[in-house]
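These notes open a run of structures that come right after.
One chain, subunit A, links the two complexes that follow: it is found with subunit B in the first and with subunit C in the second.
Moving on to the complex of A and B:
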């Protein structure tokens, strides 16, 4: 073997690692640009909403638009609050969102766990059926549900809307939780099983605590979806006393297609706050959960 | 507790993981299931635990069928290769968790956990989470979690596989001591034949879902029932070369040997095996044939020599005493005593094993 032999190898290594560094920095830049664009796309409308909510009536809809409100005022907020029974509507929205989240999780959790872990006849077709629900558009589900709920006297009740949401979101929730349970190491449950721990205790004390990120992710999704939902709420809630915020925001639509944008955006801003709080509270688990999903 | 495995078969779809395996593990014994990956050893262990449901066959504990019982009712402990510690609980909680439902008072649980932790040298780790422990410490927690329950059977699935070499050897000894102290029936799964040989009362060697041999480690080494066991047990592995009837005995091409033991021209032969320690190296003029040293390895207690037999392109491995040093390229004489050989018939079953008293290498 000649003394020169190792040199080409070294060179090879050097060029590969240089290429590698180049590739990874290029990748990082691309990722950064994409994230930047997406962030702007999300933040600009939010900013526009808040900015408009602080403008007096006569400064809304100017062209060219003024991005920073010249004379910020809280008047739109005060005026908007007089336009509807916001207290009741906030209360309804909170009850329905929390109720739907709890109800859907309570049904989806055991279902997803059983489908992910237990062997029983028909498990696979059943899971496919849950996935099938995901593909039904809300508009198609709406009519039969409405007819059924009329017969059950569930129209114009909070419980009715919660049940309708739970029906619609069940497939999605089972699908999401199923993938979290499938990702949990089976050995932990087996270790408890050979330790003599009952199946229920395994579910409650081992599986649920470990599935917390998955639970939080699904829960946050459910809460936010329900909070913002309009079509079902508009259909099922008929008396003003039952309205949720998303339905209530229609009060700013005048008779002649005129919309009081600054007041609408003021209430929209207020109604976004609970969603942001919920998200902030669960953000750590939510991010863990999303990252966990990505690993599959 | 005596464990009987009777005609155990486990299929996963079309794959037969365990194929009609039967054997008995005596009360208090330390039995190792050993074999290459995919041989069915872990599946057998999981069937004993009740974590897999056999496709057919029975499992009996002290003569009583437990095949249909869930793992919860079997009074066993299982240590997993990855330890399977509950990441959201402290070490103390990990060890106490299974005791909570057993009707034991909180004080006694606390005492049992602390005594066990003391015995395993993890008493100062009790309030930590598993993720902050080293591999060896996690291993001890996994053992501790099993020991506190005082089970009838210990099932260990490659518990040392994730440890570094030095720690593995130490834990091997600790596990043996533990078994001697507790006297609990233990079934140990490993792919490492050295672990199997050193730790167990008996070893069950599996290949392709089938039980090849169950015997004492010594017997598996000196008296392998077939070519697979001969090649699998022992490190460096036995030299196994094709052979045929030739001259006045058996021939491998490079070596012409007298018929050993009761082997004669009526025996159908396929191959001949010789342990590296039974390959004799001499000066070139003194051997049955000559060979070139290709690689020389210092293992420590002995040296391993990889040889190429000059005349026949046959590779041989020899084991020589530590003091004997041979440089690559050197020519040596090689001789094999037919009484030290293992002869395998056309099916690969042992037709002859050197089992004469005083001559088996482990008894010297």
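Moving on to the complex of A and C:
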């Protein structure tokens, strides 16, 4: 608490009576313990995934299970990568996630810039249109896109899936970048305009570099959303060679019994590491982005 | 806004020098092309498809009027799925909302490590849904940790078949949904809590209000917009929730955990009834839209 707080005696933490100090510290301890218990409950499933991935084949099906793996081994990771198509599936997931992120940003950035900075007839209804598309459930797009993709021979292609994702995530990306531009001062662009620099050069040389933080935040969301997506990938990817990791995990689970669950969870762990790393690095952008997005 | 209004605004109104400046539309062109090709056009096609009967895509079709819609609405499994979605939705919205609010209030006290707690609670949001579903399926399976604890402590004599039970399958999926969503709601509500100015509470303290009174009279009313937002997201999400259910139970055993979106998927992509599926899709869309409208209306119309 700051020294110049006008009403220090009204803050319960600053209460001087012994009884209140006791109540306050009891309250803090309870708060801490509850949050600790909730956090442990949140982490147990993730721990169980990693623990299973480190168990040798003969201990995976053990019941009751060992809470701590008795003989931890990395063999499930090596065996899975050695025998399965996991390498291909990881490769597909990386290509599709990076491709979707770049494609969506390239389309969303100019759109968000124009909607935030330019005054032109139709700007407002167009912005509402982008917002409205956010409300559409993914399912309604499944049959339409499938019908279209059959015609365009985009079923079972990475490009098709990237275009589907770009369509579905565009509204969200425009919205996030739009709010970024509304908070970004316009001085530099105006100065350049006074200096007679053409609009396209302003966009490429000034706006693009300034938009980097906004692009980073939006890109992080797009990457994680795409990496984790299941429904579109399940519908549009039908050949084993095209699967993403989510579809691959699901198919592997359907084809194998409990004994190979150490490999299943080894690959689950491996597929979770990239999103956790991205989240660890960009957690503030992530949380602020979600909170800000929903409260707009 | 009507289509003609839109057209007039877009095309007729001129900029100051009397000519329409086209450059802003060029920035929007890629986005609009993407939407027209991959959203508007296919949705019109599907709307037409919902009045047709097709054997296979691109093959012969017959016009059947509203029959596809009637088939969906007369399908007892559709209503069974709708009921399950309602139960699932209530569980998946209200439980994480209450837990998320509780966690947000606790984290907002600024306790030691509150930043770390916030990160841990939010972590499930970024975990791939397939991974989360499989992990919960494994935790609750007959060889799983939960049954291990139940049997070891003697609470049950033999492992419970959570996911193969017609009564426990849906609650099992809900457990995972609650795990995955609580942190999401917490983050939104925490932002709402942090937007409430401190002096409101200081004034209430001067007036001798208790903590519970302050929560009821200040925190809850001021959090109302954030709570409504989480409700709307939750309702839309529960109508479209697919992967959680599909990965853990595939809607089974024998449709006991079937929700609207898993049944939709089966009709369209397992039974290949595209006409019925198209009608189903629009019914889902209308439902999500109507439910959101009702929440907005009930809340007295917010700025959303």
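Criterion: the second predicted complex is superposed on the first by the 199 of 296 C-alpha atoms of A that agree within 3 Å, B and C clash if a C-alpha of one lies under 4 Å from a C-alpha of the other, contacts with A are read in each partner's own complex, and residues count from 1 in each chain.
The rule is simple: a residue touches a chain if its C-beta (ideal position, glycine included) is under 8 Å from a C-beta of that chain, and two chains touch if they have at least 3 such contacts.
Quantities reported herein were computed from a predicted structural model and do not represent experimental measurements.
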item: Per-residue contact with subunit A, leading partner among subunit C and subunit B; value: C
item: First, second, both or neither for A:188, with subunit B first and subunit C second; value: first
item: Subunit B versus subunit C as contact partner of A:37, first or second or both or neither; value: neither
item: Touching partner for A:227 - first (subunit B), second (subunit C), both, neither; value: second
item: Subunit B versus subunit C as contact partner of A:206, first or second or both or neither; value: first
item: Touched partner set for A:74, first subunit B, second subunit C, both or neither; value: neither
item: First (subunit B), second (subunit C), both or neither touched by A:196; value: first
item: First, second, both or neither for A:144, with subunit B first and subunit C second; value: second
item: Touching residues on subunit A, where the partner in the complex is subunit B; value: 185, 187-188, 190-198, 201, 205-206, 209-210
item: Residues of subunit C defined as touching subunit A within the complex; value: 1, 6, 9-13, 15, 20-21, 23-25, 27-28, 30-31, 34-35, 37-39, 41-43, 45-46, 49, 57-58, 99, 103, 106-107, 109, 111-114, 117-132, 134-136, 138-139, 141-145, 147-149, 151-152, 159, 179, 182-184, 187-188, 190-192, 195, 202, 205-206, 225-226, 229-230, 233, 236, 239-240, 242-243, 246-247, 261, 264-265, 268-269, 274, 277-278, 281-282, 284-285, 288-289, 292
item: Contacting residues of subunit B [partner subunit A, same complex]; value: 49-51, 70-78, 80, 82, 84-88, 97-98, 101-102, 145, 149, 155
item: Residues of subunit A that touch subunit C when the two form their complex; value: 7, 10-12, 28, 31-32, 34-36, 38-39, 42-46, 48-49, 52, 60-65, 67, 106-108, 110-111, 113-115, 118, 120-123, 125-126, 130, 133, 135-148, 150-151, 163-164, 166-167, 170, 174, 199, 203, 224, 227-228, 230-231, 235, 245-246, 249-250, 253, 258, 261, 264-265, 268, 271-272, 275-276, 278-279, 283, 286-287, 290-292, 294-295
